[in-house]
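Next, two complexes with chain A in common: one pairs it with chain B, the other with chain C.
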Partner chain A sequence: MLRYIVRRVLWGIALLFITSAVIFLIFNILPSADPAVLRAGRNAGPQQIAQVRHTLGLDRPIYVQFADYMRAVFLHFDFGYSYQYNYPVRALIFQRLPATAFLVAGAVVIWLGIGLPTGIVSAVKRRSLLDRAMMATSLALISAPVFWLGLVLLYLFAQDLGRFPIFPGQGAYAEATTFFGRAEALILPWFVLAAASAAIYARYLRSSMIDVMAEDYIRTARAKGLPERTVIMRHGVRSAITPVVTLLGLDIGTLLAGNAILTESVFNIPGVGRLLLTSIERSDLTVIQGIVLFGAFFIITFNLIVDIAYAFLDPRVRYQ
Partner chain B sequence: MQRRSLRAIVPGLVLAALSLVLAACGGGSSGTSLPSEVGAGQARSQFPPPTSPPSSAKKGGTLTVLFSGDVDYIDPGAAYYQVTYMVDFDTVRPLLNWPPADTALPQPDLATSQPTITDSGKTVEFHLRKGIRYSPPLGGGTGWNKPVTSADVKYAIERTLMPGVPNGYQNIYFKDLVGYNQAVAAVKKTPTKAPNISGIATPDPSTIVFHLDVPHYVGFAQALSLPASAPVPKGYAAKYDSEQPTSTYGLHQLDTGPYYISDYKPGTSITLKRNPNWVASTDFRPAYLDQINIQEGFTDTASASRKVLTGSDMITGDFTPPPESIKLAAQSYKGQMTLTPSGGNRFVALNTQKPPFNNINVRKAVIAASDRNALLATRGGPLTGTVATHFIPPGIPGFQQAGGYKGPSGKQYDFVKHSSGDMKLATKYMKKAGFKSGKCEGAHCTITMVGDNVPPGSDTAQVVKSQLEQLGFSVQLNEVTHDTMYTKFCSVPSNAPNVCPNVGWIKDFNDGQAMIDIPFNGASINPSNNSNWPQLKNPTVDKALDKAKLVTGATQRPSTYGHIDDMITAQAPAIPWDWDNDVNMSSKDVNMVINLFNAFPDLSFISLKNP
Partner chain C sequence: MSDALLSVEDLEVTFETDDGPLRAVSGASFSVDRGETLGIVGESGSGKSVANLTVLGLTRAPNTAISGRIMFDGRDLATLPAEELRRVRGNDIGMIFQDPLTSLHPFYKIGRQLAEAINAHRDVSDNEARERSIELLGLVGIPEPERRLSQYPHEFSGGMRQRVMIAMALINDPKLLIADEPTTALDVTIQAQILRLIAELQERLGMAVILITHDLGVIVQVVHRVNVMYAGRIVEAGTLDDIFYDPQHPYTWGLLGSLTRIDRARTSRLSQIRGQPPSLIAPPQGCHFRPRCPHAFDRCPETPPLEARSGSPGHLDRCWLEPEEKRVVRITSSGEIGLEAREGVRA
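Our next item is the complex of A and B:
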């Protein structure tokens, strides 16, 4: 197991290196805008732009820029400066990460808390009225665009805009100063972010459970006289949950990488997703690069965690 | 709520959802449905901007300002964005400044009085107020406890030449200072040190003298109302300015205004608090509020506008509310919205350097055919602006002289007379251009256009496209982000398309030079970062613009620039279609004050009804 973990970590580092190289090439050989012009400001003359380009090191050969960039990232954890904000990229991302992490953590708890029991009940009571109602609801939630759902909830329940002003609304997270204040501000965003995932997880688990509950060892467990609850939870769910765990790792990784962009935009949560959106709009290439790298790191890390978790969840899985 | 059957509820939910989606997307192409007889002037007069606080204004309280974006630079030496000035004019004290109702001439701020101008306009001398002190620094730490001196103003201007302080106007307004070229050469050698500009002299701590090569003192003096002339102590700032690749002074800045920036989280928030070292008796600003919280990131401007209108102690900041929000305010929250001419224009640039728009008759045909009312509707109709008939907007000296709202008179301007478009006249000009059918035919009729990819810019581009197609052009429209549109296409002459539909200019200060020189002077065409988007190179216009810089006099200067505006209009380099209004909204418990200089709320004059 230890050898497996070490091998995966080394492979993860190699993957990060390759990802960094690809990202650098994309943003520096095919940039969407000229960063020196953006940085030099409106009306800057050719001489000024040239001087800014020189100060930023953008007039050096691409392989020199690449070597400096990789050295800075891997040896000093330095992702450069934002051309627009005039601020270290690392500091910008770390400023935004807590909001995104809090948003994702709460949403994960909700979608697992709703999705898993729903999937289990639907699988166990297959084709019942309850099963049909749950699957119809999950289909609706999967189909609803995140930004639409967010706006609907704002216009229904937000204290500043809503018909039934119950929960804090847009911008409440940035205004909150305490942990519980921030948690309260995230109630609506949590549900918005969790809605589609809960539905997807419910459907996944239902499908997986249906397959697992038809296996021979389940029949054997029942034949041995185990209570049905034990058969379902200890034998059924434990085997059926592995695809859900895979999905969970990927989802958490991508959300921390900025994939909660729509939820953060609708509710004005100052997270990584919103930073990514504004950086794309302003062609702030160093920030986009930094966020993509961070994203790759999170995805690789959570994939590794998920793979390790398999060994504990599923006794059939053993790593060499 | 009445109970209804599911069948009745579902269509209603679908319609509600659809309307919310449209609201979320900005719904740029739907104009306000005002009665057609309400003209632009009438519309604006219903929502006049207050330019002074009420006599009952009280001190205290915290105001929240909602922003969708951020300031361009937190460093006042680099700031070149009207929205940033909303912050800077409350935190720093340039030599001159603009009280809310003043648009003709900036008033002394750090200076004690208007400058003394001698030596045939080549020497400009200011005396500084004594006893002005700096605030605690942004980011904490030891600040600077010495009073402001003239050397600090000299350093503030000199540091704008450094590549780490990307000031976008020093090469336009400060280039006539004696020693400027030598300073540029020096900073090229040593980019981490602010160069000495020999033309800025400081004979004593309270006097600063500017020596110019040429007597361009009108534009130069007005430029001293921009934040770059706000004092920066060299002994404090030099270490931050020497950092590579950019100066970090902005993140550690010292302020001199009634407020100082106590906290800045890029893209998230800016907090302004009372400057404990500010002396009210030295300042024209009353500074009623205790604190101002700027909250950024409200990309859904419809919800943000509604939040302001229905909330408390809030105002809109940097965004124009979408048409449906303007309509809502106009109908239900009348006292909470103001319309102010922004001092800016919008036009569709026609590339005069390549076919088919290198032919003036083709350009005139395009302008004649254009339905500029439809273009204005993409931004929200008469409440959001006025159909333009030339390039200097209302409120800028030269506007009336150029023809005012009606535009220049004379048969040679017939192509710009009909705001709904005149296809008959357009056909006539196309025939004059050699197209016998009255529509474009042949090799150069496939044209390229690069526009914004989000509303309302994308809506405007689509309207322009359909109007060009009526004249027989085949338009290849490429929609990109705003920055890409400028930095890769429209502002790069070698890569510029035939049409740039989403360009415009906003004044740097209230003078015709600030409005039409850069966008239409052939000498200002740059290989990149070009702002003369039509690439107009007309020797008569260029000569007139160069001569006009030296013209002074409260009557003669506006008259000169008004005449040049008409000359430019006659060349038909662009479709002028909008003189913007800035739309600002406030909560019902805010005493709003608008600064007419930048058409934005003046935070130093705003007060709360119940602080």
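Our next item is the complex of A and C:
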């Protein structure tokens, strides 16, 4: 087991290295705005631009830039300076990360809290009216675009522009100063971010649960006279939930990596996703690079956690 | 019949399917006495498993219609409320299944699965449950039962897993054990061991056993009486001798004729029953075996009742042919009992 983990960690580092190389290449080969031009300002002459380019180190050969960058990242955990903000990228990301993490954590709790029971009930009451209603709702939630759902909720419930002003609206997070203030500001974003995932998890668990409930060992559990509740929860859900764990690990990883970009934009939450968006708009390579690397790190880490968790969830799985 | 532990009368089980109602069991009646072993033989889809799962209430579902009476120990299991029926399952009636590889939960240790079976019916301490589990694993012939308790199912071989299933089914001292094809998924050598184990335990514990199988060869070693099922109906019922030496229903002849036997010439081809079993959604009118029966005649579209016809008491069958005719037409050209249409021998 330990050897397996060590091997996986080494692989993860290699993967991070490859990821950065690919991002670097994409940015330099595919057409993008010239960071030096953007940085130098509107009325800059060619000389000034060249000067800026030199200061940023963009006039050096790509491989030198890449080598320098990699050395800084892996040896000093230094992600360079943002071209736009003239501020360390690491600090920029760390400033934004708590907002994203808080947003994701709350959303995960909500979507698991709604999605899992829905999936179980739907599978157990398969083909009932309740099942059909829940599955139809989930399809609607999966189909609803995040920005649309966000705007609808704002229009309905936001304190500044809503018809039923119950919850803090857009921009409330940035203004909030206390923990509870921030939590309150995140109520609507949590539901928006959780909606599609709750629906996906409900459908996923439902189908997984339907398969499991047809297994021979479920029949055995019933034949030995266990109460139906125990059969469903301890024998059924226990098996059906295992693949959901994989899904959850991947989802948390990608959301922390900036995938909450739409929710953060609609609600004006200063998180990693919004930072990524503005950085792409401004060709701020070092920031993009930094966010992608952090994202890759989260995805790789959560994948590893999932695989290790699997060994505990399924006794048949043994790593070597 | 006075000592019947389980007595099933006119059991009908119909599943509502997209193609229409599927009648898996149509009017089955059978009974098992205390301490007796009953064999139920039939091919896949004959209703033998469904009938027995229904005894335990395991086919109850919104799309299933069940009628008839299932008298067990003075109570009608067909109409028993779900919670009371649950208390019968695994307590008064134990059941084991065909595939021991998939019948145990892969994520839980054997000890836990055994203890769970006890705790479902009895308020006992963890220690007592453990003691009882060890005792039962020993009883079914598992070496080192104490160590085995903390192992997962995948650490057991197929035969050992079936022994665990038997231990689990017997852990609450049931009056009846229903074994649904308990040896079908096992190696031949292991099959014999498991059958012998069931027979031994049956004698030792004095319980009744229903042994469901598609293999007449399996039955012969352990059962007292045999029911032959075909397409949802019991077509013949009798003692082992009745069934093997004076079979009355053409389907039984087919089963006997297709047995592999070492005393049969190696050159002769294994015989088979021609055709397919009928659809249970639209079964043939009258006798269900009629379309495959070379001896069918104009009375067969009328459903023959399950009656004593052969002269031996308790030997019942569902075939319109006269017993005397049967004894002639069931002999094949090779001189044995089988299903064959011979020139000149017509009913």
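Criterion: the second predicted complex is superposed on the first by the 318 of 320 C-alpha atoms of A that agree within 3 Å, B and C clash if a C-alpha of one lies under 4 Å from a C-alpha of the other, contacts with A are read in each partner's own complex, and residues count from 1 in each chain.
To be clear about the criterion, a residue touches a chain if its C-beta (ideal position, glycine included) is under 8 Å from a C-beta of that chain, and two chains touch if they have at least 3 such contacts.
If you're wondering where the values come from, they're calculated on a predicted model, not measured in any experiment.
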Joint occupancy of chain A by chain B and chain C, clash or fit: fit
Partner chain in contact with A:221 - chain B first, chain C second, else both or neither: second
Which of chain B and chain C A:263 touches, first, second, both or neither: neither
First, second, both or neither for A:289, with chain B first and chain C second: neither
Touching partner for A:197 - first (chain B), second (chain C), both, neither: neither
Partner chain in contact with A:152 - chain B first, chain C second, else both or neither: first
Which of chain B and chain C A:313 touches, first, second, both or neither: second
Partner contacting more residues of chain A (chain B vs chain C): B
After fitting on chain A: smallest Cα gap, chain B-chain C, Å: 30
List of chain C residues in touch with chain A within their complex: 56, 58, 82, 86-91, 94-95, 97, 99, 102-107, 116-117, 120-121, 152, 154, 165, 168-169
Contact set on chain A toward chain C in their complex: 215-217, 219-228, 230, 235, 238-239, 313-316
In the complex with chain B, residue positions of chain A that touch it: 32-34, 37-49, 51-52, 54-57, 81-82, 84-87, 92, 95-96, 145, 147-148, 151-152, 154-155, 160-161, 169-171, 174-175, 265-266, 268, 270, 274-275, 277-278, 280-283
Sites on chain B touched by chain A in the complex: 16-17, 20-21, 23-24, 66, 69-70, 72-75, 78, 80, 163-164, 166-169, 171-172, 184, 187-188, 191, 244-248, 250-251, 265-269, 295-300, 303-304, 306-307, 310-311, 480-484, 487-488, 491, 518, 526-529, 531
